[in-house]
Amino acid sequence: MGNEGVKDYCGIIGIYDENNLDTANLAYFGLMALQHRGQESAGIAINNAGFITHYADAGLVQDVFDQRILSILKGDMCLGHVKYSSGSERRNNSPQPLISEYRKGQIAVALNGSITNAPMLKEKLSWEGAVFDDGSDCEVIAVMISRKFQRDIVEAVRETLAELEGAFSLGIMVDNKLIAARDKNGIRPLSIGRFTNGRGYAFASENVAFDIIGAEFLYELERGQMAVIDYKGLRTEWHSEPEKGSLCAFEFVYFARPDSNINGISVYESRELAGRRLAAEFPAEADCVIGVPDSGIPGAIGFAAESGIPYSLGLIKNRYIGRSFIEPTTRLRELAVKLKLNPITNIVQGKRIVLVDDSIVRGTTTLRIIELLKISGAREVHMRVLSPQIKELCRFGGIDISDRADLISNRYTTEEIRRNIGADSLGFISLDGLLGTLRGGSGGYCSECLEAP
Amino acid sequence: MGNEGVKDYCGIIGIYDENNLDTANLAYFGLMALQHRGQESAGIAINNAGFITHYADAGLVQDVFDQRILSILKGDMCLGHVKYSSGSERRNNSPQPLISEYRKGQIAVALNGSITNAPMLKEKLSWEGAVFDDGSDCEVIAVMISRKFQRDIVEAVRETLAELEGAFSLGIMVDNKLIAARDKNGIRPLSIGRFTNGRGYAFASENVAFDIIGAEFLYELERGQMAVIDYKGLRTEWHSEPEKGSLCAFEFVYFARPDSNINGISVYESRELAGRRLAAEFPAEADCVIGVPDSGIPGAIGFAAESGIPYSLGLIKNRYIGRSFIEPTTRLRELAVKLKLNPITNIVQGKRIVLVDDSIVRGTTTLRIIELLKISGAREVHMRVLSPQIKELCRFGGIDISDRADLISNRYTTEEIRRNIGADSLGFISLDGLLGTLRGGSGGYCSECLEAP
Amino acid sequence: MGNEGVKDYCGIIGIYDENNLDTANLAYFGLMALQHRGQESAGIAINNAGFITHYADAGLVQDVFDQRILSILKGDMCLGHVKYSSGSERRNNSPQPLISEYRKGQIAVALNGSITNAPMLKEKLSWEGAVFDDGSDCEVIAVMISRKFQRDIVEAVRETLAELEGAFSLGIMVDNKLIAARDKNGIRPLSIGRFTNGRGYAFASENVAFDIIGAEFLYELERGQMAVIDYKGLRTEWHSEPEKGSLCAFEFVYFARPDSNINGISVYESRELAGRRLAAEFPAEADCVIGVPDSGIPGAIGFAAESGIPYSLGLIKNRYIGRSFIEPTTRLRELAVKLKLNPITNIVQGKRIVLVDDSIVRGTTTLRIIELLKISGAREVHMRVLSPQIKELCRFGGIDISDRADLISNRYTTEEIRRNIGADSLGFISLDGLLGTLRGGSGGYCSECLEAP
Amino acid sequence: MGNEGVKDYCGIIGIYDENNLDTANLAYFGLMALQHRGQESAGIAINNAGFITHYADAGLVQDVFDQRILSILKGDMCLGHVKYSSGSERRNNSPQPLISEYRKGQIAVALNGSITNAPMLKEKLSWEGAVFDDGSDCEVIAVMISRKFQRDIVEAVRETLAELEGAFSLGIMVDNKLIAARDKNGIRPLSIGRFTNGRGYAFASENVAFDIIGAEFLYELERGQMAVIDYKGLRTEWHSEPEKGSLCAFEFVYFARPDSNINGISVYESRELAGRRLAAEFPAEADCVIGVPDSGIPGAIGFAAESGIPYSLGLIKNRYIGRSFIEPTTRLRELAVKLKLNPITNIVQGKRIVLVDDSIVRGTTTLRIIELLKISGAREVHMRVLSPQIKELCRFGGIDISDRADLISNRYTTEEIRRNIGADSLGFISLDGLLGTLRGGSGGYCSECLEAP
């Protein structure tokens, strides 16, 4: 639930707004719109007449940047990044964008994803004499581009992209150019936008970032495609032959914001539809439907609509508590869930409740929420989950868990899980059910982690 | 909408947890649970063996206090306050609790409300030689107590309370005692709680604060009543003959948190019920019902349930943008609403929408939200408002507006307002309708501002 | 005394260290060495491949800049400034360097001094259609350069300099060039240095800045001269016919650091020599000689050496108190001088003291120090002043006083001043005496403010 | 030199100013006057009607405390501390005052010194069941007092003091009483003062703290004595039979401020006198005498007076650089000494210089200063040291060195040291010479570390 145990796959934004030296301000607001994709670090690299300056640090966008910093970052082209780095993958821990030198100047790289063949590429480069600093995937990419560069930097980028395996949506800023790219399976999303006054282009992990900076959505980059933005305009090329579409289904389940569209599909609608399917697959006798805020809400609305059971707010999230840095004393620690989530007793008391959440990974948070509802007087809690059971680790680093045994669905049967979390009944949407909510897009979906071995 | 033009009436909390020197930590978390009642300043006064130390400043609870400050505030009895002070009423601008000296020691006073006869009382005290510092209502109260004090401080407090007119829920800490009081009409709420481990008591503007500090709700203080908490326990007395119950109806409309109970009524349920009534009073032909986050949501759910029109999330609030201190550049300013509220295009496009909000005061925000929906493709927007038209200023300072002409309902007919805000139809719940959602409590409600002259 | 009533004339530094992108770090340390010339604001502009970014704010160098800011300011050429702006001259209040746009890019300007014909030049430019932002002298200079620019920016700078009247040492950064200039009378100092490893050049208000950044002193710029530093090296030209040398004598009295050399003369030696002259001109029967820290110390040593009266430390300056932002309570305010300066009772008690200070402007601080010594038991205090009486305001803004009546020497006779400050005798060095300490330099000195009308 | 390798023995201050609730402000300024005795941490404990609140943290006084913190610390009795803790003695690392509980309330303890039998006392207490938190000397003292307490807390303090061995000046605040004490040998200084308006008393490590808070010096506490300050006034008692006076001679050499009096002797005068003795013991043929700022200056003045060689400032200390937190880049690191100390070339060039410093411990700093002078053109540097050779570690923790081999005088002959540091001649004052400067006080001095084994 929430993002418990799940790794947000970072957010990237690239902006080129000709002659507007305040693009760092735009990136700042754009990154705020993407903040849900990563709260661990934030960074902006800005291009001034070919010279790149940048600032990045650990923390939320609004904590990393202030008026002082933004006042210095002047330029009409920039690249921004927010990151969530998993505990298990320490190789990508530096704040991004990463800035690197090449023969003719600087390269800035920002990555949403995971290059699965990075260790191999790195070893090869090391044999060839390359020296690495933080050894991150971004640095491997930068070093490859640098080495491939002869005369045409775009060509060097293209050749590099062609060698990368894994899930990646990439932003690169080099030689007064902004380059965006998606892997050949299109696992992570990336959209292209245009400033409505026509002076430039932008790209972002989700289109919600465009609304805030005054750009309009143009299209999503195709898998295997790269886009080059510069003073001559926008053009796209293929860096790799597109393969089977494998957009990560969890983008819809909880990575993305509900007001985003991905693969041509409204994230909100897909979640509501998933709730409806869930109601059909696992009906319940109950008095009301409640969603776990925020990502369980749309599904709960759908479940209610389909089942005819009234929808209700039953859990209130405290908007202020989140950023507190004061540690509650021992005695308060047991109240930690309550600090963030408070049940509405009148709604809950004596009721049979359908509780809808986006997923169950470890099960610990779900257990605590159900406990909270029962203490508040809920007669029954029927747990309904908007994603199928997660049985495997993600090859692309999508689940922030390194040990399969931590996945509750990997170790226990559904009935065991039900007892474990204290629910009166438990239903996970079927894989077909979930995929059914994602129809109409241009390619297929990756659901490897959801399939039984 | 939101709190546009409306004055939150502050939040107060009092804690006595015998021998627990960390009650300031409890107050910190309790005030966070009450943060919605005032974001302008925050303060905590703590009692150490009869000596009161305190810290208060402008800002959110988590910005005013940090670990350093809390580590100094040691004592087992404390009084906390969060404030929203209106622009029009400058006489209550200092952060509270106010600390004052009396013959035998110190008095701390924290006020949620407005003493209507304060100017008169102050003048009288001045004639008698009293000198004022900030001249706030709190100071008037403290000076009165000090002057009335002979031997029994509780008696002096009682006599003082008996002379106060207006709307007030008060917290006083003096002589190792914590005193809570409500005015004789019970205009502002106040609840009493008990630490579940039995070592002490607490009071708070709303019972949601109890959950977080490990206390349980006991009862709401009666109008005209005062409670005294000290090492001997909890006792209540009458400071004034209770008069007609006049709890402010707007506590339910938007002051209070949905997970609070006031006057024995669930705030959430009253809002949902108001939505239902509104649907009955002003039905609409529409495709979906949308609430303005956060306080319009429960009413939208109720409207949908009653009307059979599907409920949907259509506006997403950016949780991260709120506290940004970076001013958007001129070009971004027009996007200011979008920074906070983003419509889900797929839900909105081509749809006839019922938009539910808690109130319309000036009308400017409503206008901008409807515009936003129309730009996103909404075919029709049927505005439904969960409170009746606000035609008069509040005698107790409940509306942060000093000029009646700023109240849109005071100047225009409903039809004129509808045209003004760009809605396709417009309905305000009737006063009877609203009051009907508040039945079952122990007294009546104040609705002066809602009644036509 | 100290800088009471006197305006430090700012400090400037320019650095070009080819391929060293960390020159902002060098400027940071260089500005620290010049911090005594201005504590009001600090700023650094940096040149990246022709693009200038900058940061400047009110405060000490170490408060304005931190690691975050310096990490962003990357480039191998930069211009820095520390400022003391007088209360009376509000037209030069923005932190410098000032950044301005011209046809081909940006200009950064940093000024130590005052352009006396700036109001006239500004009016002329306004007539020609120029629009000003802060209207500072720096902006007038930037606008003039911009307007004169045809093809050769250095030529435009030279033509501009030729039209400026007043006292100025200037730093300009434009088109990958660093330009330094001194006015035709050479009123303010400016030195040129070279990085000892030979990769670049620097200029600074005082040569003490070179020691800290690893540069060696080359020469002082001549009056009427300008120096151009770029990738081709260092060259000097004449922007104006040099006129009568009029270096401000107060640079030696207290503006400059004692370890600086100005006009080929050691500041320390000139101060010690002034003390010797003073002893010859105004001998005293006394037991010991004490200097007011810090700028009165060298003169006191000289006075002692000449007179044979033993030199002693008698006043200790608290090095820690200076930057405290805590206001002492009323009761402590009277101790304010003591907070900074504490007499050594054993040295002072029962003694006849010669007290040496750099100057007397208003007389208030001197009065308080003499009082302090008398309270500590001094039998007699013979005041000796290392500069002649200041009878006139400075045409170039050198004295931070707008009303002649505030100059104690303008209103009172020496005997009246003596009584006023409570001294047992009082002697100011003669103008000839002072000028005698400054012999051997390349030109004359300005002493207008010291001459009786 | 400076404090290189030497452990400042902390500074303490105690204040009782009846009915003045702002004594924390007084302590703040008093601690600033004692800041030279410890820059590592600072703390203030304040007594409110018997309840002690406190704040302490690592850092300078002005960084640890701000207006917010001081505004909370209200009370008319307080205890303050600044600390320098040696690297070798980790057992006393927590910021002080230490606050501890005893049966009837709280005890605050602040220590300047080292309890040599603390490990033994601690072990004994542990056997008796005592549990320690940080195990510091302060905690051992607090636990002892707590255990000895029957009815009279002052009696318990006295019994505790009687059992302590080592060097200590102590401040204790308990039961509305302020207690000061000195060990039976009087190794560390402690003075008593009285508020000049007669409402209270204070004590401090050095009397310079009194000047700043508006108190006057009364007397120094005798060895073996304790003073009790409370609402009844000031009284002194003996906690131990006074033994041989052994005031640490290094208090005069560099611990104390020159404007302090210790043991009835002016610190400044003793340093100047030491300079004179040194000139007699080790005359030099030279052109000028220079002192290493700040503590070498008085001795240099004395040396000059005695020898007739002119005294001069030759090294200027940069007052601004000290608190910089920006790390110089590798290239600048070699300039580190220059950042703090700059020679005046004109004074130094071609001269034979007598360089006077307070001590030589490791020799590394001395080496660098002599190098600096030689680079600036000094012909000869004759090193003269105001303290005898340090041959042994201090039993009381006075030298922040754990390995005797780090004491240059322990390993090398004088001639070897001279060559090592690059001096042309080298002379250390004799022990008799130093002790001769300290005559007239009430007891003897400890000079164990200076005597050859």
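Order of writing sets the labels: A, B, C and D. Residues in every chain begin at 1.
Basically, contacts are C-beta pairs under 8 Å (C-beta built on N, C-alpha and C of every residue); 3 or more make two chains touch, one makes a residue touch a chain.
Just so it is clear, the structure is predicted and the values come from calculations on it, not from any experiment.
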Chain A to chain C, fewest steps along touching chains: 1
From the options C-D, A-C or B-D, the pair that copies A-B, where over half of the contact pairs coincide: C-D
Intercentroid distance (Cα basis), chain D paired with chain A, Å: 57
Inter-centroid spacing, chain D versus chain C (mean Cα positions, whole Å): 36
Arrangement of touching chains [line / ring / star / complete / other]: ring
Contacting chain pairs - touch in the sense defined above: A-B, A-C, B-D, C-D
Residue ranges of chain C in contact with chain A within the complex: 48-51, 53-55, 57, 68-69, 71-75
Chain B to chain A touching residues, read off their complex: 22, 25-26, 28-29, 32-33, 35-36, 60-62, 65-67, 70, 208, 211-214, 257-259, 261, 266, 268-269, 272, 294, 297-298, 301, 304-305, 310-313, 316, 318-329, 331-332, 335, 338-339, 342-347
